[in-house]
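Okay, handing you the structure first.
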Amino acid sequence: MNRITVETLLQDLASRGLNGEKISEQQIKVFASKDNFVNHLHYLQTIGFEHLANINGVDYIAENEFEVVYQVYSYEHKIHIVFKVRIPREKPVILTVVTLWEQAQFYEQEVHEFYGIYFEGNKDLSHLFLENWNDLPPLRKDFNTEEFSEKLFGSKRHGGGK
Amino acid sequence: MMTVFNIILYSLFAILVGLIFLGIGRKVAARVHLRYGPPFYQSIIDVIKLMSRESITHNFVMDLGMVMALTGLIGTMLYIPIAGHIAFESNTNIIVIMYLMAIGHLGMAMAVSASGNPYANIGVSRALTMMLGYEVPFFTVMLGLIIYNQSSSVMVINLAQAGSIWNWNIWQMPIGFIAAEMALQAMMGEKPFDAMIAPAEIASGPMVELSGRYLGLGFLTKAVGVFVETALIVNFFFGGGTSVITFVIKQLEVFLIAVIFDNIFPRYKIEQAVKFLWIFPMGLAVIQLILLAI
Amino acid sequence: MFNINSLEQQDNQDKLWDKVINYFRKRSLWMLHYCTGCGAMELPPVMTSRWDMERFGIGPMATPRQADILLITGYSSVRTMKRIIRTYEQMPEPKWVLAFGSCTVNGGMYWDSYNVINNLGEYIPVDITIAGCMPRPEAILDSMLKLMDMIQAGEAKAFRKYKENYAYYKANQDRLFMERGPVLESAALRYVHEETEGGEA
Amino acid sequence: MNFNSYSLTKIAKEDKDTTYDLFFGPNHPGMHGNFGYVLDMVGTEINSVRPNAGQLHRGFEKLMEQRGWVQNLTLVPRICVMDPDPNEVAYCMSVERIMGVEIPERAKYLRTITLEMSRLTAYLLAIGGFGGTLGHYTPTHWSTADRDLIMDMFEWLTGGRVYHIYNIPGGVRSDAPEGFFDKLLEVMDALEARLPDYDSILFENPIVHKRLKGLGYVSKEDARKTGLSGPNLRASGNAYDVRKDVPYAAYPYLDFEIITQEGGDALTRALQIRLEYEQTINLIRQAVKKIPEGDVRLNLGLLGNLKVQAGEAYEKVESSKGEFGYYIVSDGGTKPYRVSVRGPSLPAGFLWAQKHLPTMKIDDVAAWMGSLSICPPDFDK
Amino acid sequence: MVDKMLMMILIPLITAFLTTIILKQHKVVWTLFLAVSGYLSYTLFTMYGAWDLTWSIELGYKIFDSNLVLSLANNPLGWFFAFFASVTTMLIAMFSIAFNDDKHDSKTAPIWLILIFANIGIFFAQDWLMFFGMWEMMSMSSYFMIAHGKEIPAKAAKFYLSLSLVGTSTLLLGIISVARLSQTFDINASIDSLINLFATDYNKAILYIGLFAVTFFIKSAVFPFYMWPSKAYAESPDDFTPFLSTVMSKYGIYGIVLFILPILQNADIPALGQINEPAYILAVLGAITSVLGTILAIFETDMKKLFAYSSVANIGYIVMGLSTLSIIGIQGALFHSINHMVIKSAIFLSLAAVIYRTGEREMHKLGGLAYRMPLTFMVYLLGIISAAGIPPLNGFASKWLIIQALMSQNMLFVVIAMIFASTGAFMYLFRVLASVFLGQLPDKYKHIKEAPLLMAIPMTIIMLLMLAIGVLPGIIMKPVNAVLIGMGYDVQEASWTTVHSAFSNSDLNVTNIFYIFMAGAAIALVFYLFSAKSVKVTQDDNYTAGELPSDWGTTPERFNFSYGFYQPFKEMFNPMMDLISFDRWMAAFGKIVERISNGLSVLYTKSEGAILMLYIGVAILIIGGWII
């Protein structure tokens, strides 16, 4: 496979209905809809983007949306793609990509734990990190960690935050 | 009355010498590590501290087992001639010594198994497997000595080497000596044959649930064990000793060889260790045996 | 001869004997280092050639049963705290706790985290806290020597505090570990995904 | 009973009483960091494994959203205590990318030098780790003492032994003190002179070879697909190194080749560390030789009030364990809107644990972990 | 007064018929059984020294110009085995009263009594007719004992029976051929004639001896017949297993001592080094038996099967001791026979008590019973200490004698095998201790009680017996030396405390070792008592790397390492296991026969081994009869 540049990649993706922006010579960001993003990721995988570095969520509370970001990289083309999918905040459900990348299992578990996003098709969404947790998923913007810490650990009492 | 006095004296001597050996061993190991190391009497302090601590028992078997362990080793020690002296008038039979030592192993294994911790049990299973690994070659070397001297008495073997330094069995049967040294390394549980302790694998194995007095008794057992094992090698291959002092110095040499090897090898897995013991020391011992038989 | 109770009735007991025993205790400190956080990083230099704490008879041990000192090396998350308490309670007496770093005093830089306890002393008794993030090897060694002095003087008795004030510690521990509802009220908003709850199971 | 035709793990599925649980960590001498595996065992063989993570979870990503851009620099290195500088650099690079600024050349070289020094400390710890997991404490003592030479250099350069916070958005905090580079070269010579010792006691030790050979094999394709990175990836024959592929700092100016090895087992990974150790010393020497004069930081105004315009970027750095990536979203305020950290250990710590461990014996777990350089804080966050 | 000898064999027989009438009254039946074995023990005790006691009956037929006579005679060798067998039986009988309660009654008392009748008959038989009849009786009745009317045991028993059939057929062939040679059925006469045969026709003599040897080897499970005990022992009634292991495994040994040993000793046989050829083969077979038994025992998971293999290994020691043909070796072997009786009855009885309380035989399903059944645990512990040959208990002196004898005969590789086996013994003996008595106590056994009093008494007696024999080996050594004198060896009266060795300065004062042990114990105890007190914690308060086991659903059952205890070790033996594993052996053998007799395959698909052996037995009879 020949090495492709950022520009040709963006054109290619545009022809498939994906909007993208260039961040740097080796990095682009791509916006996908939640309906067919798995197909796009699969396409990217077939053209050499085989390294899934991370999956993370972002809480755009003002727009009432979550964003799930897939960090994909190609060893051949040496291009990094920030692959962004938006989902509504009320019904945060998105398809899983475990079928494409095995390690996505754990990234998805993590995103589920910290944002409460459900991954359809992922069999195990149990908590990896938090034990005895009954509050909001902590990385949501409306979760106030300072107040939580004060209530559970008494952080102010011990002189925290001064 | 004299016998009772002798028994107490010999036991205390063995424990003291064993503990100081362990301390010196730690010091030497520290020097290999480019460290200063603890004082040579550190092990004595450790044991006294352990004895004075609260300890945790799971059931009566633990107490029984640890006492049995020390019993076995002290019993063995009383059976071994030290520079020709012996605490108790007996014939110092090698096979008795080997079997008496087994009480110690059995007691220790029982005590740690009683805690019910799987780590301890894995350690015990490894220790017993290792025992099968080293006893066979070690005994094969002993067999050579017995055939050579036509006696299974340590005292007789010891006396047969008296006189010149060239009478020592280390010159008579050097191959056997190397085999015995390898088996001794495993017997003392030094690397590369310390799979039964293996902190990084099974969290120190048998010792995992031992605390306070149990660990203290364990240390005493280890100390007497070191004394007994080095004393055996000295009696068998280094002609015993003319005085207690030369005897102890020879023992220290044997022990330090083990300590040095301990610090230049990582540990074998248990099956690798047993395979090694059954190929190299066993092979050498058998060669020695064949040479003697011819 | 050796009697653990002698520590508790020290005032009306023979002082000399305790002094002797305390000497042995301070000269042979075995530590269990619970690597709760990053503070553990400065322990290897202290244990190995450069600072060599084995000079003072201090050595690492594998399990709580064998150890005298519990080292809490750094911040402790809620999940770790549970394990620390179990480990601490498994240690035989006399036992001492050394807490490393600012995180164990007031949460340090994690004071407002939702998963890091703020003051270790609320949950288990701490003998010595070493300030700093992270404490330098010299500080660690110094704290060890300080602990030795305290043991010799018979002052290091935090483990008895734990026994005497068990109700206090237990209440604090339970606040973290007992089954509890949401800490913050907003948790009621949590979305429940019908399909995964019902359909696929 | 037929002895050979079926393995113990199969028996375990038929007879429930044969299995038992073994808790490997968190407070276990063989465990690297505060992490654990709950092993379902049959005999001494592992049947299945449940990772027990989260003991180190501090909510980094949440805390970073609540602190200023520069305040976050205190948190960032604490994600990986063994190799902290790549985190600082990756964070700074992400911020700089969003701001669209280019740092001075000298700062680039200083960053490279700190990165490589940090890598050396991590490799020395890894050598010690290999010794420790195999019960061989001599190299552990030696390498920890050797590591202190670099720690002292760090202390001289940055004022901190473990956490340096030397890299800041816009360059580095201050220039190197006088005489620093000469001393650094001396230290490099001393460390290089130690290599034969490590070779003879560890890397060429027959028992080490026996223990590590064939342990935890990762094939070339699997390593690429499952997100392994760093020495683990290169030891499986993949020529991927962020320093070469997506060059940053002063790496484009330095002369080095990506070291790859075929093999993919624990022994290869151990030797990979040994080879890269040499390469790192070489890189530091080159960087010291080539370092230009000039400023070491941009003037970005009062750093405490730093504002970063809206934007986002993912920047990655090659650390001793693999690829550290920082994805930062800024909404133009004085605090980041979102910081997401990509740690290198997750694929190994979770995925490969579930692939590798169920064929392994309890003997090998610690050595396996060490060989994949699993560092729990970077996935616990 | 009726003849003592006759009384002795008739009383069990009569009682056997008596008990069939009141079979349902299990208390009465088993008490009668105890009474009979008590009577036998007492009678035999009074018979010591009365070597002229005989009983015989002429049958009135004539073969080979001599009258057919059935005769019994008191002789040192027979008495030696018979007496200790009876004492063991008595102890087991006491245990059986408690064991065979409403739930567990195996209703086997009458057959067992017949077995005892055959037992006495075999040990005192003076002619081959008596010997063969009793042998057959023993084989049959033991078959019914093992089957005890249940289905799974019946399979094992069938296998045992077919193997026995092979044995009896070879025995019959041997008897016929020897009798033809000596023109009489008298055992002693046939020994003399065989010794003479060695001088004239060596090969034929070896063949005759071989025929007997096969029978004896099968009964005592010497290699290549080492595999049947694991099946038969495991499936037999739990209170009968001790008898099977202690008494019945000695028939072959008795046969060898009675018949083969005098021939090898006195015949003119080409020597191989210091020892003659057949004896060397015997030694090698013994060595293989003990090594194989040990290895198989190490890997077994069923505790009764494990000790079945352990018995096999012990028989190996005894055979090795006998094969030295030296005084020390035979002393050791005979001593070890009795020690094995005592040890194995201790072990099997304690295991029977465990099975009685828990109903479980698989070791990994048990655990922690020492805390609930301390006495049973102590019996088992002392049992394994002596079984491992550790002083100051009884197993040591006999093993020591055997090792000394082997060394003095320069049988170097056999000694190594012996050491391998006796060190390996630690592994399997300890494994049962760790798995059954130590470790975590499963929740379902939390309320288990100590064994009932009637079980506790015989176990305690055996425990004391082990200690007594261990400290004063003379208890057994005196009769042993009587046997040796009876066999024509030149030995002195045995001492109470000391056993002798062939080497210089190597006589062993066993009592002294006991003193040394006690001294060690005293010193250890001082250290123990002068240390700080301990605190008792519950069994589940264990080091778990800080985890709470309950968080992960770990119950005591799931926190107990006992399955695959020696797994890494076992993997070393995997290639070898294919060869020695019983099932593979059978399957391979069965396949060959399957090919030969394709048409009859239906018959042996169900219990192929049994039918197969039957074939072999018949074939031996046909072919043997044709040759001779």
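Labels for the chains are A, B, C, D and E, by order of writing; each one numbers its residues from 1.
Criterion: contacts are C-beta pairs under 8 Å (C-beta built on N, C-alpha and C of every residue); 3 or more make two chains touch, one makes a residue touch a chain.
Keep in mind the model is a prediction, meaning the values are calculated, not measured.
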Dominant chain pairing [most C-beta pairs in contact]: B-E
Relative to chain D, chain with the most remote C-alpha centre: E
Closest chain to the centre of mass proxy, which here is the mean CA position: B
Farthest chain (mean CA position) relative to chain C: E
For chain A paired with chain D, centre-to-centre distance based on mean C-alpha positions, whole Å: 23
Inter-centroid spacing, chain E versus chain C (mean Cα positions, whole Å): 58
Averaged-CA centre spacing for the pair chain C and chain A, given as whole angstrom: 37
Centre distance in Å when chain A and chain B are each reduced to the mean of their C-alpha atoms: 60
Multi-partner residues of chain E (at least 2 other chains): 530-533, 535, 541, 543-547, 559-561, 565, 568
Chain D, residues touching no fewer than two other chains: 20, 22, 26-29, 31, 41, 44, 54, 57, 59, 62-63, 66, 141-142, 145, 361, 363
For chain C, residues contacting two or more additional chains: 2, 4, 34, 48-49, 62-65, 79, 82-83, 87, 90, 92, 112-116
Inter-chain touch pairs (all): A-C, A-D, B-C, B-D, B-E, C-D, C-E, D-E
Residue ranges of chain B touching chain D (in the complex, touch as defined): 32-35, 118-119, 122, 125, 191-192, 194-195, 198-204, 263-270, 272
Interface residues, chain C side, partner chain B - complex: 2, 4, 21, 24-25, 27-28, 48-49, 52, 54-57, 59, 61-63, 65-66, 68, 90, 92-94
Complex contact set, residues of chain C against chain A: 78-79, 82, 105-107, 111-119, 122, 175-177, 179-184, 186-187, 189-191, 193, 195-196, 200
Sites on chain B touched by chain E in the complex: 7-8, 11, 50-61, 63, 66-79, 88-91, 93, 95-96, 99-100, 102-103, 105-106, 109-110, 113-119, 121-122, 124-126, 128-129, 131-132, 135-136, 139-140, 143, 146-147, 150-153, 155-156, 203, 208-209, 212-214, 216-217, 220, 269-271, 274-275, 289, 293
Residue ranges of chain A touching chain D (in the complex, touch as defined): 23-24, 26-27, 29, 50-54, 56, 58-59, 69, 71, 75, 78, 80, 82, 101-103, 105-107, 114, 127-131, 138-139, 141, 143, 145-146
